[in-house]
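In the part that follows, the structures are each spelled out as structure tokens.
There are two complexes below, and they share chain A, which is joined by chain B in the first and by chain C in the second.
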Partner chain A sequence: MNASPPLLEVMNLRTSFAVGQRRVKAVRGVSFTIGDEEVLGLIGESGSGKTVTGMSLLRLLPDHAAIEADAIRFRGDELTAHDEESFRKLRGVQLAMIFQDPVGSFNPAKTIGWHLEHAILRRSETDGKAWRAEAESLLQDVGIRAPERVLSSYPHQLSGGMLQRALIAMVIALRPALIIADEPTTNLDNLVERQILELIRVHQRRLKASVLFVTHDLAIAEDICDRIAVMYAGEIVEIGPADAVLRNPQHPYAACLLQTSISLAQRQEYLFELAGEPGGKIPDEGCAFAGRCPKVMPQCRTIHPDMRAVGPDHQARCLLHGD
Partner chain B sequence: MATEPTALPGQPGQTMQLRDIVLDFRTRSGFGQDKVFRALDGVSLDIAPGQIVGLVGESGSGKTTLGKTMLGVHRPTSGAIHYRGTDLAAAAPSAWKPFRRDLQMVFQDPLSSFNPRFTLGSSLALPLALHAVVPKKQIPDEVASLLTRVGLTPDHAKRYPHELSGGQLQRVAIARAISVRPRFIVADEAVSKLDVSVRAQVLNLLKRMNRETGVGLVFITHDLGVARFLCDRIAVMYFGRIVEEGPTEAIFEEPKHPYTLSLLRARQHDRAPVASDADEAGLAIPDPAKACHYAPRCARRLPRCLVERPRLGEPPHAFACFNPVPAAAAAPAPAVMKA
Partner chain C sequence: MARAISIGRVSSRLGGVALLALLGSATVFFVMRAGQGDPAIAVLGDQATPEAIAAFHKKWMLDDPLVIQFWRWLSSAVMGDFGLSMTVAGGTPIMGLIGSRLPNTLFIGAYALVIAVSVSLFAGTISALRHGKFTDTAATSIAVLGISMPDFWLSYVLVYGLALGLGVFPSYGFTPPAQSLTGALYSGFLPALAIAAPMAAAFTRILRTALLETLYRDHVRVARSLGYRDAFVFIHFVLRNALIPYVTVIGLQIRYLLGGTVVVERIFGIPGVGALMVDAAFGRDYPLVQACALTFLLSVLLVNFVVDLICAALNPRQN
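== the complex of A and B ==
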């Protein structure tokens, strides 16, 4: 092969946590690639391992987490081979994360201005004084109409959505090559959300960045993502081009997600509910979704399905699709 | 098992009435003088038992602040909060005490609302014991059943807050709020971190609870599809004020305020620029306190809007605008993606 390697290549990522005497397997063999200037969406059940996947890639998990992978390559460079010191130089400059919970990304004792100053000055080319103008214009870009007030505010003095936007401004200031954005717009009204998505898109094209975009909003996923991966119980159960996955889902879990989203639009007294318990125990063998799947077959309870091709560049982890 | 009967809708005096609430935040500027930021600017709202009122609107417009003010977390600078025969706004903080159990909140940021050193089981057990909701011996069973009702497993009781995903913790927060069988719950972005399928389950649970026990809900959300499904009435906030308030269908079918219209339009993911955002530059507003807050961004602005503040009109469908959207212009927008 002579093509240049993809920006990010993740092979068989496994992350588990020690909880009491047990190990919780949060990510169970996740593999995907992200190309240059590509936006890969990550959707799926709450608790299925989306955030842990992102945090594992950036080594941001606490000590009781065990992370293993066959390979995590960034531009062909094996990340697992880096020691803490050299990895820290990559993180924040080449790789950055917008967290689901913005509060945790800020030092409560420092103003937003302090945080932005540090982010901007981390890119060495900015001189000591120019940061303020850049910070103000970044805040304006994320739809904040009183940047001076926000710069002098402490995190607890801002609304949830303002803090989320300050964090997005901070990450964009770093100009990373890969942004992991974990539900970056959950706290935002529609208008600001549109503006932020546009900003991420513009930033992504201008700086030729790639994005791993975690979201629960299927309409946004369709709007912003090139490809989409659907997670369930620590595994990717479907991956493919965004419109193929959202319009013609091949895994029954992905189909259920879509059906629920449609039921919300249909104005029923009660919404369509997927049978069974979410977040229940993952069976030792068979398909993780078998206990709740409307299309379950006897063999689903014993055979663990591998990824099967279901269309061009489109795969699903389901025994309905012969191999 | 309840040791106290749950509230039923329609009992007189039990509507919470907010009247002209003003809330100023003071922040130290470092150089002597304090700065004042007006987060709520004359807000009036009724929340009747058994009703689900949606609060939607711009990020930073004061939704969380209003929710917290209803529960006594913030004390308003002026205005009245009438509830069960008392004006809680004027009263001392201790006046809230008899209503603590009645009024519960699900916070926007669930992680900071749990003690990181307690297991979630202990965090859930505490209010159950404090308010003697069930006999002591039944508390572990009650905790397990609460967790199951929000789609988690009894096993989650042994975990610590940081050991759960964002959406899992959000559900524990909901379990905690419903555990004491309150009369009102302020739920701040309570389902926003949930995937659509778990979200459906939690929304059905909230709706069923409301229908069966008559619990009143103030539901803060930026998701208009969710608001439309769940809420009886909707109040739209912009910059510290309610700019439109009315029955859910009226808000969606006949939005009157230009801001409401642009919010509804923004849901159509058509990538078109947001049409109603006017050019903000070069506007001369003599006194911003006397102008319409939305005027700088409003496409329907009249000269009058720059010098006079529109009042929120009369129920059932109230709006604060001098040049409301005509019915024909407000073709309803689909709230959620079409298949």
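== the complex of A and C ==
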């Protein structure tokens, strides 16, 4: 019924870092698609490769990172074929990012007004002082009541929540089609967190943008995401509609993760099921989760499972589910 | 950009400058008097009769208690009167001596500073952007070499190579800028280079470190994520923030600049305050040493003050 390609199509993304003489694989073959106006949650523990996935898509990693992929198509356009300069022109206006630490996201030597002015000019050349009116209305759009004062403030004079609002204002000024939000509320307190999430959702709908929402917080993911991908050790182990993944997880790791957040919500100490820690040595063969899996079977240590359908638009990377 | 720098801050800094000038003068005064030697011997010679020496002491009131002598010097110095030189032509006004030589010293100092800043901006930027590559290793190695070379040694190497060897620059002598600016730039090049080399090396290293530290900060990644041009990101997000430590270090290094002029003026025969002070110290010309030292002290404090104002303007968090 839909002939046009999905907004973003990622096939077999692999990112590794040179550490001394070794190469550390942070992302080991990630594939997913994001449809128009869709919010895809990328969830997993620290070190699972979810942030590196987001950074790889925008080519924002340092030089010692190597990014490879079979294909990264944005509206059918093959992004890997772009050189640095033509990819730069897509950044911001087509693919933008909201970062984890709003305080560090701003140039400490410049005012918020300066930042917004250049974001507005990046989208379109406005002459003279015309940017200022637009900047004020953008700040009002993100819930800032005294835009004049904020425009003339330096980053160190504002709170984290205020800065995250201002950063969102910069991003929406560029009207990107895809926003990668990398744990945008992690450093904020609970009340502000709710407001920022609401803001992201409102503007996602208004701009008709899609969002890749990176988080470790399942409650947030449930609130904001249409679909969810669960990452473990640099791979997606389960992907599907948010409801299906959260209500009825099919991969033992996803189930454990969900159990963890339920225990936290019920104020239990922590989860006993999930022993060990991620980011250790990943076995050369078999399932990466086998060492910690409560349902491990002998063949899990030798066979690396591929993605198997477990429901409508719902897949899991686990041998428990028949071929 | 326009930020009001508070009057209170400026005036408290000026108070500090006055206090430091007083302490510095006192130190030079008492250290000079504590040392060996007698200006009478220096002026009259080894064969001077005790009567002649006593007359010299009486004339310059050298037998009064030191505190009285210091007070006498201080009260006229505050009024801008540094008295007469004991050694130069039997009593030349010191203000005139310094006034005629200070422009030469300031010229050489500013010349060296311009060379050091230009070289380091270029070399520091190149080596940070080519981090870990051959250009970086080469620039960093040259910088270590530059820091390790004492200025008096480098002066002779430059004279040997560029003046005596290639004959491109004069090996000795200086055309004052008041006489001919191009002549001063030409004849002052080697001495300025000798002073600038170790400073350029130090500035390059601090700029490289500051740039590398800034290059991987989050706000630079955010700027790149918005699709700004590389040059814009580098100038406004990287270099702009790296300038704060860079300018601070330049301020701290200014004293080496003046120390350098003392040595280099002697080697290249430049009639500056540095050379004047060295001669005055050998001749135990107390008031002249005092005046030269105070001139240097005030110059350093003034430059530091200006550097602080620049740093405050560069760093909004400091206000």
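Here, the second predicted complex is superposed on the first by the 296 of 323 C-alpha atoms of A that agree within 3 Å, B and C clash if a C-alpha of one lies under 4 Å from a C-alpha of the other, contacts with A are read in each partner's own complex, and residues count from 1 in each chain.
Following the convention adopted for this analysis, contacts are C-beta pairs under 8 Å (C-beta built on N, C-alpha and C of every residue); 3 or more make two chains touch, one makes a residue touch a chain.
Since the model is a prediction, treat every value here as computed from it, not as a measurement.
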| item | value |
| --- | --- |
| Partner with the higher number of touched chain A residues, chain C or chain B | B |
| Contacts of A:L174 with chain B and chain C, given as first, second, both or neither | second |
| Contacts of A:P184 with chain B and chain C, given as first, second, both or neither | neither |
| First (chain B), second (chain C), both or neither touched by A:G104 | both |
| Chain B versus chain C as contact partner of A:G92, first or second or both or neither | second |
| Which of chain B and chain C A:G286 touches, first, second, both or neither | neither |
| Chain B versus chain C as contact partner of A:P147, first or second or both or neither | neither |
| First (chain B), second (chain C), both or neither touched by A:P249 | neither |
| Contacts of A:G54 with chain B and chain C, given as first, second, both or neither | neither |
| On chain A, the residue positions that both chain B and chain C contact, one per complex | 62, 101, 104 |
| Touching residues (chain side chain A, partner chain C) in the complex | 58, 60, 62, 88-93, 96-97, 99, 101, 104-110, 118-119, 122, 154, 156, 167, 170-171, 174 |
| Of all residues in chain B, those that touch chain A in their complex | 25, 27, 29, 37, 56-60, 63-65, 108-109, 111-112, 148, 151-153, 156, 158-159, 162-168, 171, 189, 192-201, 203-204, 207-208, 222, 224-226, 228-229, 262-263, 266-267, 269, 271, 274, 277, 334-339 |
| Touch list for chain A against partner chain B, complex | 17, 19-20, 24, 43-48, 50-52, 62, 100-101, 103-104, 143, 149, 152-153, 157-162, 165, 183, 186-194, 216, 218-220, 222-223, 247, 256-258, 260-265, 267, 269-274, 277-281 |
| Chain C - residues contacting chain A, complex | 216-219, 221-230, 232, 236-237, 240-241, 244, 314-317 |
